[in-house]
Amino acid sequence: MKLRASYNRHREFLTTFMIVMAVLIIVPMFIMREFAMNVLILCTIWSIMGIGWNIIGGYAGQISNGHALFYAIGAYVGAMTMKWFQMTPWISMWIGVLLSMVIAFVIGTPLLRLRDHYFAISTMALVECTRIIFLNWKLIGAATGVSFFYKKLPTWYSWQFANKHPFYYISLGFMALCIILTKAIESSKFGYYCRAIKANQESAESSGIDAAKYKRRAYMISAAVVSVGGALHAQYLQYIDPAVLLPLSNSMLIVLVCVMGGVGTVWGPVLGAFLMITINEYARSFFVQFSGLNLVIYGILVIFIVLFLPKGLISLVKKDTLINISRKLMKKLRATS
Amino acid sequence: MGALLEVRNATKYFGGLKANEDISFEAEAGSIVGIVGPNGAGKTTLFNSISRTHPLTSGQIIFNGEDVTKRKPFEVCKLGMGRTYQIPQAMEDMTTLENIMVGALCHRSSVKAAEERAKEISEFCDLSEFNNATASSLNVMQKKRLEIARALAGDPKLLLLDETMAGLNGIERTNAINLIRKINANGITILMIEHVMKVVMSVSEKVVVIVSGRKLMEGNPNEVTSNPEVINAYLGGGHNAGCQ
Amino acid sequence: MLIQVLFEGLVMGTIYALIAMGIALVWGVTNILSFSQGEFMMLSMYLAFYFNTLFGLDPVASIPLVMAIMFLFGAIVYKTLISRALKGPKLSQRLITFALGMVITNGMLMTVGGQYRSIPNLMFQGSIDLGFLMVSRQKLVPLAVSLIVTGLLFLFMDKTKVGKSIRATAQDKEAAGLMGINTENAYMLAFGISTAIAGAAGCSLTYYYYIYPAVGAPFLIFGFIAVCLGGFGNIAGAFLGGLIMGMVDLFTGSYLSTTYKYLAVCVIFMLTVSFKPKGLFGR
Amino acid sequence: MKKLLIWTLVITMLLGTVGCAGNSGSSNGSTATPAEATPAEAEKPTDANAEITPEPEVVKIGLLFPLTGTNTQAATEVQYMAKLYEDAINGIVDINLPFHDVEGLPNLGGAKIQIVLGDAVTPDIAMSEAERLITEEGVIGIVSTGSANTKTIMVPAEKYGCIVLTEGTSQSLTEAEYTYWGRSFPGDDSFCRDTFAFMDYMQKEEGADIKNVALVCEDTEFGANMANTLRQYAAEYNFNVVEDISYSATASNVTSEVLRLKKADPDCIIMSSYIADSLLFMSTYKEQNYFPKMLIGQRGGFSASDFITNLGDASNYCLSTARWNPDVSGELGLELAALFKEKYSGGIDLVGDVLTDSWNIYMLAIIANQAGSTDPDAMRAAMSEGIYVDPAQDPTGSLGYKYAENGQNEETSAIVIQMMDKARHTVYPAAVASTECVYPAPNWDAR
């Protein structure tokens, strides 16, 4: 009974979710080109990061330009545990999540008091600090980085597969979880409070919202999600160093995929990531001989989206389009049977 | 019934500037208290001190028998003090209903229950037709009602209304007055700032007059209007004691 | 050595300040965090370079020219992109500048290539050895330019009608609009001026730095930090912020550790904002 | 919402355990090393080609260099060089390089060479690009640079089996036990050893008094590794390190670094820098009117063409370790350098790193030709046996090419060059030296 009710509440989301997942699960089964799979994997990973950022940046409206920090933490925890104890990512990932939540809590307390640009810049500065520290931290390989490439370990244990599909499905799984998490947040009290804070902090506080607390909580959750993305990416690259993980461009890309898709929406980051990453990867392979052209195109694309679709690509997709599509399909099926 | 709100020698300085000085008054539970005074008399400052938007320099705020002088805004709200702003502070990019729900969630953890409650409230403040419109699309009057609704949704014991009537025309004003009466009828104490005297006189049992940061006097409407100082203060303040 | 470090700190400080002021101006007036400031600087470095190779103009001599060009460029950018973006959410305003920077950098990479360039025959070269202090003429140029530009900017903002109108707009757009100030123009001017400042910065930077498409990036973050350190959109603040950074940079570098000098800068910045959330001189 | 979080955890844990369990039971097959697992794969262009036509018409060679970002110049020059090689192999220009007299690669049925580019601006992009080159383009081998990039490039390379020749010099590469990785020219280790060997030689033969050295290394992969190796050898050759600076390669100024050096005043400064920062250092030395008696760069910026083009005579007296210099391999080298400068690079000088980096392209062709197939394992086998290149046709003047188990070519050694009036001259080892090393270097005002 209760289930039914909640199904009705979220009918649109659930159908969309089902369809999208079905597509993302079935289609790759017929993709035999490793490079295409590689792109897909990057898409899923970056959507996870986008989703993570979306929670603090999209819902709670605190524009962080320093989420590469949690990406790096996730990645490093994964890498180091693998290198030291050959620990499986299935577990080490959660250590990373916990660690980044703790760190988010600690730094969130002072930094979240800052308003928009100040917050953005101080998070950037924070990433810069982390970069310098990691570059010189002997224990975690300093600038030499960490490569963890184990042929010996069982593949499902180490996530180091001979071909791409298993890894793709793993990261897709996590992406699905993150989507559900976002939806849950969106339709929860917490979600409403975040949006209230984003909309108008003062009146939010005067209507009984402990802004500081909720902002911090949002920051922690988003840190956790991003670090999951980081862990996945590290396992995929099998080599990480501070120069890979912590340049400004990474923090910006995390924001970018989210904004291109549409901030403060469940599907925005996913859409954004899949589009931007695919375009980026293929543009690079097409225009590689004119060095830089691909990035020029990418940049122009971003400018156009920002100017003409300020609400992101998601605003192109009409409400419950997919439902209607599915309905039509159903009709067709009935007709045929 | 005892005093729901008690303000003891509330004093607020901004740097050297004295915004409020040594203001004391009480608001009986279930009553409607009006605060009047010319612009810049420090009415809103007093409000902000009561709702803890900014700290007092000295003095005390006793709400419902509890000293809330050191509490944070969201805490006093939880204790049952709702407020509106002179310039409406709607959550622009959320829908009307969602705005009210945010208020309702203050004492409810279930979104569903909050939604039910919000629907009732928006019905009560006849906003229901705008339920799914974004707050930014409402006009000033509607926004002000929305603010009242949001405050009400938090089931307050005391409601602080800051210049709810300003800029409303005759009919709107009477509607608003009726609304206030309706709210008060549900046993909610109301403390309202107005400088449209007539409104205050018509609804409130007690009126506190503040002039240049000090309490000039308090009493029932008739006493106030008949008090020469008040009239003088208003005229001195370049304002018309009668009603615009 | 102490005096030397002080001097060098001052020089670096003024350079940071020059970059910071451009950012501060845009921030203060239009409330945009301009990520493309670094790229504007890079562009003007190339302009200075080509003026030198084609017409034999010394970077110093080409400053006014470059500033004029950059001003126009900035104005155009504002009209075509920024003014549109201003209608949208804050985030997209920030991203559009970032994307613009991306386009400019890689556009330059495509057209002029990734070669490192420098201007061979500079007007001011060599160093003056005062015994206790080694004054390099190549560093005096940025120092002087920065001070002059700052002075002019202040005069402009305080004395001229236009400057006043810009400040009024920065204070309160609506009110300024009601007072009959054309806020759109004020915005455009502010943006143009900030790019012009980037132009000056670029020209003077060619005196000791090398020219390549990605040169803007490292300076950008320091510019940001300086602005924040100084305080919200406040030009004087930005200038002081820059000076402080330069000093911290040089002193930690020379006396504590070169490895952690930028760490020190960032840490000091973050401590400042955690205690004074609006920066040192923020309103 | 808390509930949901918990559920998320639980579900993933379950997934995990299931995954591991399933693996331990069933898929012992899939636990095989990626290398072994690959033949099973459907899509493996290299194999596919091999099956259909054992001797492909055209042999593709991947070139993974940073084409965007801050260090793109080297890539550009290597591309020029690659063009030159293509023309040489396809008999368009007449210069005495391998295969110039035959059409294409004889043992592969006269297959032509084709260069395929990839952008390796950062390691993660490098990996993605390597994936593309191997699986989409079906290259027989990849030539790359930079150690960090190579580490990620090796992931797909090992997985699909694809020879990677790189001049990334980091120790960590030789220690990584890659199967398909090779380095034709010296690594950090021998560069550092030879640096100190050279200083030692200067002391003994030339009577130079060098005791105190300062290490100046940028703080990312390249510099950090150099620093470690240099320290180790400094101790071994008992020089005492008086100043050990690590700085950020994207520094806005290096004044404080130089002030420190000036204070410590070592006899010799050893620098591992990229181009931007090495230039910045040079101009700052000049500003501070300071120059050590000896300054040795560890390639990087010092072996880039931009170094001399920007500094002109200011680059005089700078030393640098190098893999190659036009004057070491006699006529051919000079001829090649001249040809490159006139016809291909638009006036840019041929520097050691460009020649060696691009020579790896040629090496891949030669290896494939000698192995008589494009199968990675066959090629690797050939590499271990030793690749024969007619010394008369080898512009790099290497002694030979025999790749050890760890991929390092054992028959190579570093040289030390000195920059004088806008040109690089070999000064060490004495056997190949074309001029004497000028020591001590005069200070700026004394020039």
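Each chain gets a letter, A, B, C and D, in the order it is written, and its residues are counted from 1.
The criterion applied here is as follows: a contact is a pair of C-beta atoms (placed from the backbone, for glycine too) under 8 Å apart; a residue touches a chain by one contact, two chains touch by 3 or more.
Quick caveat: nothing in here was measured; it's all calculated off a predicted structure.
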Most remote chain, CA-based centroid, reference being chain D: B
More contacts between chains, A-C or C-D: A-C
Cα-centroid distance, chain C relative to chain D, in whole angstrom: 37
Distance from chain D to chain B - Cα centre to Cα centre, in angstrom: 74
Inter-chain centre distance, chain A versus chain C - centres from mean C-alpha coordinates, in Å: 33
Whole-Å separation of chain centres (CA-atom averages), chain A against chain B: 44
For chain D, residues contacting two or more additional chains: 68, 72, 75-76, 219, 246, 248
Sites on chain A at which at least two other chains make contact: 132, 136, 188-189, 291-292, 295
Where chain C touches two or more other chains, by residue: 106, 109, 114, 217, 259, 262
Chain pairs that touch, as defined at the top of this document: A-B, A-C, A-D, C-D
Chain A-facing residues of chain D, complex: 1, 4-5, 8-9, 11-13, 15-17, 19-20, 22-24, 27, 30-35, 37-38, 40-43, 67-68, 72, 75-76, 117-119, 122-125, 127-129, 131-132, 134-136, 148, 151-152, 154-156, 158-160, 170, 172, 176, 219-221, 223-225, 246, 248
Residue ranges of chain A touching chain D (in the complex, touch as defined): 32-35, 38-39, 42, 88, 90-91, 93-94, 132, 135-136, 142-145, 147, 149, 151, 153-157, 160-163, 173-174, 177, 180-181, 184-185, 188-190, 233, 237-244, 247, 281, 284-285, 288-289, 291-292, 294-295
Complex interface listing, chain A residues touching chain C: 57, 63, 110-111, 113-118, 120-122, 124-126, 128-129, 132-133, 136, 248, 252, 255-256, 259, 263, 290-293, 295-296, 298-300, 302-303, 306-307, 310
Complex contact set, residues of chain D against chain C: 68-73, 75-76, 219, 245-248, 250-253, 255-257, 259-260, 263, 275-276, 279-280, 283-284, 286-289, 306, 309-310, 312
Chain D partner contacts - residues on chain C that touch it in the complex: 1, 4-5, 8, 12, 15-16, 106, 109, 113-118, 120, 127, 129, 134, 136, 138-139, 208-210, 212, 214, 217-219, 222, 249-254, 258-259, 261-262
